[in-house]
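A, B, C and D are the chain letters, set down in written order, and residue numbers restart from 1 in every chain.
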Amino acid sequence: MFHGVIPPLCTPLTEDGEVDTASLERLTGFLLDAGVHGLFVGGSTGEVAQLTDDDRDTALRTVVATAAGQVPVLAGAIDTGTRRVLRHARRAQALGADAVVVTAPFYVGVGEAEVRAHYETLHAALELPVVAYDIPANVGYKLPPALVGELAQAKVIAAVKDSSGDLEGFQKALDGAAGSGAACLTGSETLADLAMARGADGIVPGLGNVDPHGYVRLYDAARAGDFAAAREEQRRLAALFGIIAVADPGRVGRISAALGAFKAALAARGVIAHARTQDPLLPLTPDEARRVAALVESAGLTRVA
Amino acid sequence: MFHGVIPPLCTPLTEDGEVDTASLERLTGFLLDAGVHGLFVGGSTGEVAQLTDDDRDTALRTVVATAAGQVPVLAGAIDTGTRRVLRHARRAQALGADAVVVTAPFYVGVGEAEVRAHYETLHAALELPVVAYDIPANVGYKLPPALVGELAQAKVIAAVKDSSGDLEGFQKALDGAAGSGAACLTGSETLADLAMARGADGIVPGLGNVDPHGYVRLYDAARAGDFAAAREEQRRLAALFGIIAVADPGRVGRISAALGAFKAALAARGVIAHARTQDPLLPLTPDEARRVAALVESAGLTRVA
Amino acid sequence: MFHGVIPPLCTPLTEDGEVDTASLERLTGFLLDAGVHGLFVGGSTGEVAQLTDDDRDTALRTVVATAAGQVPVLAGAIDTGTRRVLRHARRAQALGADAVVVTAPFYVGVGEAEVRAHYETLHAALELPVVAYDIPANVGYKLPPALVGELAQAKVIAAVKDSSGDLEGFQKALDGAAGSGAACLTGSETLADLAMARGADGIVPGLGNVDPHGYVRLYDAARAGDFAAAREEQRRLAALFGIIAVADPGRVGRISAALGAFKAALAARGVIAHARTQDPLLPLTPDEARRVAALVESAGLTRVA
Amino acid sequence: MFHGVIPPLCTPLTEDGEVDTASLERLTGFLLDAGVHGLFVGGSTGEVAQLTDDDRDTALRTVVATAAGQVPVLAGAIDTGTRRVLRHARRAQALGADAVVVTAPFYVGVGEAEVRAHYETLHAALELPVVAYDIPANVGYKLPPALVGELAQAKVIAAVKDSSGDLEGFQKALDGAAGSGAACLTGSETLADLAMARGADGIVPGLGNVDPHGYVRLYDAARAGDFAAAREEQRRLAALFGIIAVADPGRVGRISAALGAFKAALAARGVIAHARTQDPLLPLTPDEARRVAALVESAGLTRVA
C-alpha cells in the first residue's frame, strides 16, 4: 500500500477560511491525473495543526470521495496524546481512510518508553495500519531509528515517513525495518533521489502538490535504476523548491513561507481558487505571490485550468 | 482576578483512565480550604495534552461547580492553531470559566507576527480575558518579552503566566507590562519567593496541588514584605519538589516523572483515589511511589482524609 | 579569597589591536578605587577567546602589577582540552595569579566523566586553586549541579562562577557546595540581588567594568541584609545593561554587541583610550557608541578622567 | 589540490600521552600505500582540541616529512579567534603544510558578519589556501551555505569541508561554489557515496584511518560513475562505522567513544602502538577494545604489521 509518490495534500480554503471542497476536488484530480500512488490528507502540509476537527473531516471526506478507491488515502491523526490521537484515527477510519499517520506525542517531554507505549496502544486499538511520522522540527523529538526498527519488526507500524532531513537516520530506519515488510517513505523534497538510491519505498513531498508529474518521473526513473535521470529531475525540483524562500523571513515564520508558497503556486497554476492559509499562518504578499508564480513558470509548469 | 496562588490542578483519573470526578471535587475542596486565590484547570499539569475534549469539559465542569464562585477558575485552551484554540475557549466560556490560558501556536514553526495575530484574533473573538502562557519547554518557542509587553499594553492579554524558568525574561515581562493592568504570574515551583520580590502578582505552581498551604504561606509572607519568611517556606518547598526526581530517568520521560509524582503524593495524602496518569504517560513504580510518600511525610505533610 | 565584586576585566586595545597597557592600568585602578574585592583577567569579557597567548600574558602581568596584592587576581585558563588549559594555568601561576578559572572542555562532545577527569587532573597538577566556570552559552555544556557539588566537597574546585543565567541551577550548586568551603559566584548582571539573597558569595559582572561602584553598593546592601536597597541598585544597573542591546543585531553577533558596548562605555567615561575589540569581533558604529554614551550618562555615571 | 580521499589523521600517543612519532609515521605510510589523495593533520579526529601547540607541531612535522610531497598535507588551524588561528596557520605554513583548515570562531556567539571578517582577514594575511571547515556539532554554528558560496566565488576560501551531516546544506554549498574552482569535500563516513553522486570533490572520513582502502575504492567507483559499486563499499564501511557505538554512552561522551574506537581499531590492525587518547578523553575499556577488534576483523580487515 505504501509506495511511490504520496503527496501530502494542501487544504484549499475559501476567502473566509472554510475548506474549499471544490478546489480540493480539483487538487485531488490533478494529483491522480499525474499518476501519484497515494494521497496523504491532514498532514503538516495540509495545515492539520490549524484545522478544526470538522475541517479535518471535511477534507478527508472530500478526498476519499474523489479518489474513489483509485489509490490509498492516508489520514493524519496528529495530536498531543494517545487518546486524542485515537479519536482522530477512529474518525478517519469511519470516513474511509486506508491508514493513519501518527507522530510521537508532543507538547510534553516524553521518553522512548512513552513513545513505544503510544504506538502500541494505537496499534492495539485500531484496525487501520499505523504509519509512524518522524518530524522532529515540529514534534521536538526524533524517533530513535532503533525504536522504528523494533516497531516495524513487531508489526506495530506498517510504515515510517521520515521528514527529519537526516539521511543517516533514514538509512538506519531502512536497516532496522529490513525484512519486516514495513515501508520507508522519505518526506524530503530535495534528497528524494538519494533516498530512493538507498532503498526508499516512496516519497511524500509537500512540493508534490505543485509538481506531481516531476516527482512521478523522479520515482519512475529511480525505480528503473536510472539514477542519472532521477538526479536531473531532482535538480529541477530543487530549484522549484526555492519558492519556499520567497517570503520575507523578517515578516513571517518558516511554515507560513512554505505553505503560503505552495498555495500561491497552486493558485498560479489554476488548481485552487485562493492561496489563503489558516490562522494564525500569514499569506504571502501579492508581490511575493507574483515571484512564486514566476518561479513556477520558469520551472516549465503551465496552468492546468 | 489574577493574583495569589493559583494551582494548576491535576486531573485525577480512575483506574480505567476516566476523569475521577469525586477525587477532583476533593482536590478542589482541599485547595480552597488551603486558601488559594484561583484555580487553573486544563493546564500542562492537568494533562491537558493527554485528555480528550470531553474529559477536558468534565474536569472544568466539576471544578466550576465545586468552586461555586469562591475564586476565579482559569481554563487552559491549549492547542496547535488559532481556530482549534478558539473552539476550546468557547467551550470553556460556556462551561463557566472566568478566563482562558493560551500558549503560542505549536507543532508549526511560527514567527512573532503569527503569534501576535494568534492572540489578537482570540482576543477579538472572545469575551473572556486571555492569559498568555509562556512555556517554551513544551511549545518550542519563547514568548518575546517585548511582545508580551506590547500585548499587555494593548489589553489583548490580561495576564501572562511565565513557566520559562527564566527570571531575566520574567523581569522584562514585568517591565513591559508595567502600568497596563496586566498581571504577571510565575509558574516556578522553586523561585517563587524571588519572583514575588521582583513584583510577581501570583504563583501557579504544579507542586501547589500537593502543598497548597505552603505556597499560600509563601505568598502571604512575600506580600507582607517578609522575604526571609518567604525564603524559608521556599526552601522547604524546594526540598519537597525533589519528588519529581524520584522516577528513574532511564525508564520514563520528565513529564511522567513529574506528574506521576504529584499524583502519587496526592494519593499518599488521601486527596485522590488513584495515581494513574493518562496515556501515553507512565506511572511511577510502587517503590517509587513509596519514596514519594516518604518525602511528603518528611516535608511535614499529613493525610487529609 | 572568593567573595564580593570581582569584575571580569575588559582588555583595552590600541587602534592596532595590541594590548593597551596604559588603559588597562587605568581600568584596574578605577576598579580598585571603587572598592572591588577581586579582579578577573582573561575571562570571556576580557576577550580571552580572541587574544593570543602573549596578549593574555601581557594583560595578566599588567593587572597583577597594578593590583600589587591589594585584592586577589583570578586568571582565566580557557581552552578546549586539559593539557592546553594546564599550559595556560602554569603561565598564570608564574605571572602571579592567585587562582585560575576553568570551563568544561569545549569544541568536543564530552560527558560528565570527561569533565570530572578534566578538573581532577588540573587540581592535581596545579598549586593554585581552581574555579569552575559554568558558561553553557559559550561551552555548549551545562555543568551538572550535582557534579559541582561533588567537586566542591572533594576540594577539587575552590569556587564556581555561574554564568548560566539559571538561578535554579545556581541554587542547586549552592546546596551541593554547602559546608565545603567552596564559594559560589554569580555571573549575572541583572539578577545579582536575587543570587545574593539566595546566598551567593560574590558577583562577577561584565557590566562591573562600567559601573563598579554600583555593584559594590549592591553587594554591600545585600550583605547588610538590606535587599530593598540592593534591588533598587539592581534596577538601575539593569537599565544600564541596556547598552548591550544598542548594536544592530542584524549587523553583529551578541558578543560584539556586548563587548563593544562595554568598551564604548569605558571610553565615554574616559577610563580607556579606544573602544576597539579584537578580531573577528566588530566594533559599534559611531552612532551606536553615542547612544551607549547617552545611556551611561542617563545612569548618572560621569567621566572619571 | 583538494580531491579524493583525504583522511583526518589520528594522532597516536605514547602511554605517557606524548606524540608517538613512530606510530604516526607508520599511519602515514599506511594511508599513502592505500592510495589516499591527501592527508589532513590536526583536525577534530586528530584530537587538535586536546593537543598542545608543541604537539600539534610535532604531528605536522612528522607527517610532512613522511609524505615527502607525495600528496598535499592540510593542517588544521583550529582555535577560537582570528589572531589565535593566524598564529597556528603561520606555524603550519612554516612547517610545510599545503593548506590550512579553519572553522568559524567558537566559544563566542558570532554572527555572519564576524565569520566573514574572520575568513577575509585570514585569507589576506596568509599565503596558503584556506579551507572552510563546517562542523556545527563542535562549533555551535552552521556555516550558512550562501556565505560559503560567496567566500568561494571571492576566492577567499579554496575549499569547504562539510562535516555537518546535512546533505541539503552540502548541495547548497555545491551550488554556491559552482564555477568558482573551490572544492567541496564531505566529512561524512556513511553518506560519502551520495555526496559523490551530488558532485563532491572528495571525502574526509575519520574512519578512513581504519580502512583507507575502502574509501579509495568507494571514491574510484564513484568517479567512474559506478554508483552501485560505491554504494556496496559504503554499505560495508557503514557497518564498520558501528565501532563508534561500542563504548558505553553512560560512561563516556561521544568523542571519547569515536576516537577511542578509531585508535583501538588501528592498534588491532597493528598500525599504531597504543590506543591512548589525550586528556580529558577517556579510552575504551579492554572489553570494548576487543569488541572493536572483532568488528574490524568481521569487516575483512587484517593486521598490516
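Here is the rule we go by: contacts are C-beta pairs under 8 Å (C-beta built on N, C-alpha and C of every residue); 3 or more make two chains touch, one makes a residue touch a chain.
Computed from a predicted model, the values in this text were never measured in an experiment.
**Student:** When every step has to jump to a touching chain, what is the lowest number of steps that links subunit B to subunit D?
**Tutor:** Minimum step count, subunit B to subunit D: 2.
**Student:** Which pair wins on C-beta contacts, C-D or B-C?
**Tutor:** Comparing C-D with B-C, the pair joined by more C-beta contacts is C-D.
**Student:** Measuring centre to centre with C-alpha atoms, which chain is farthest from subunit A?
**Tutor:** Comparing chain centres, C lies farthest from subunit A.
**Student:** Same residues or different residues: which describes how subunit A and subunit D meet, taking over half shared numbers as same?
**Tutor:** Looking at both copies, the contact residues mostly coincide.
**Student:** Please report how many Å separate the Cα centroid of subunit A from that of subunit C, as a whole number.
**Tutor:** That gives a centre separation of 50 Å.
**Student:** Where the CA atoms of subunit B average out and where those of subunit C average out, how many Å apart are those spots?
**Tutor:** 37
**Student:** For subunit D, which residues are shared contacts with two or more other chains?
**Tutor:** none
**Student:** Across the complex, what residues on subunit D touch subunit A?
**Tutor:** That would be residues 165-168, 171, 188, 190-191, 194, 197-198, 227, 231, 238 of subunit D.
**Student:** Across the complex, what residues on subunit B touch subunit A?
**Tutor:** Per the stated touch rule, the residues are 17, 44, 47, 49-53, 55, 78, 80-84, 87, 105-111, 113-115, 117-118, 121, 137-140, 249, 251-256, 278-282.
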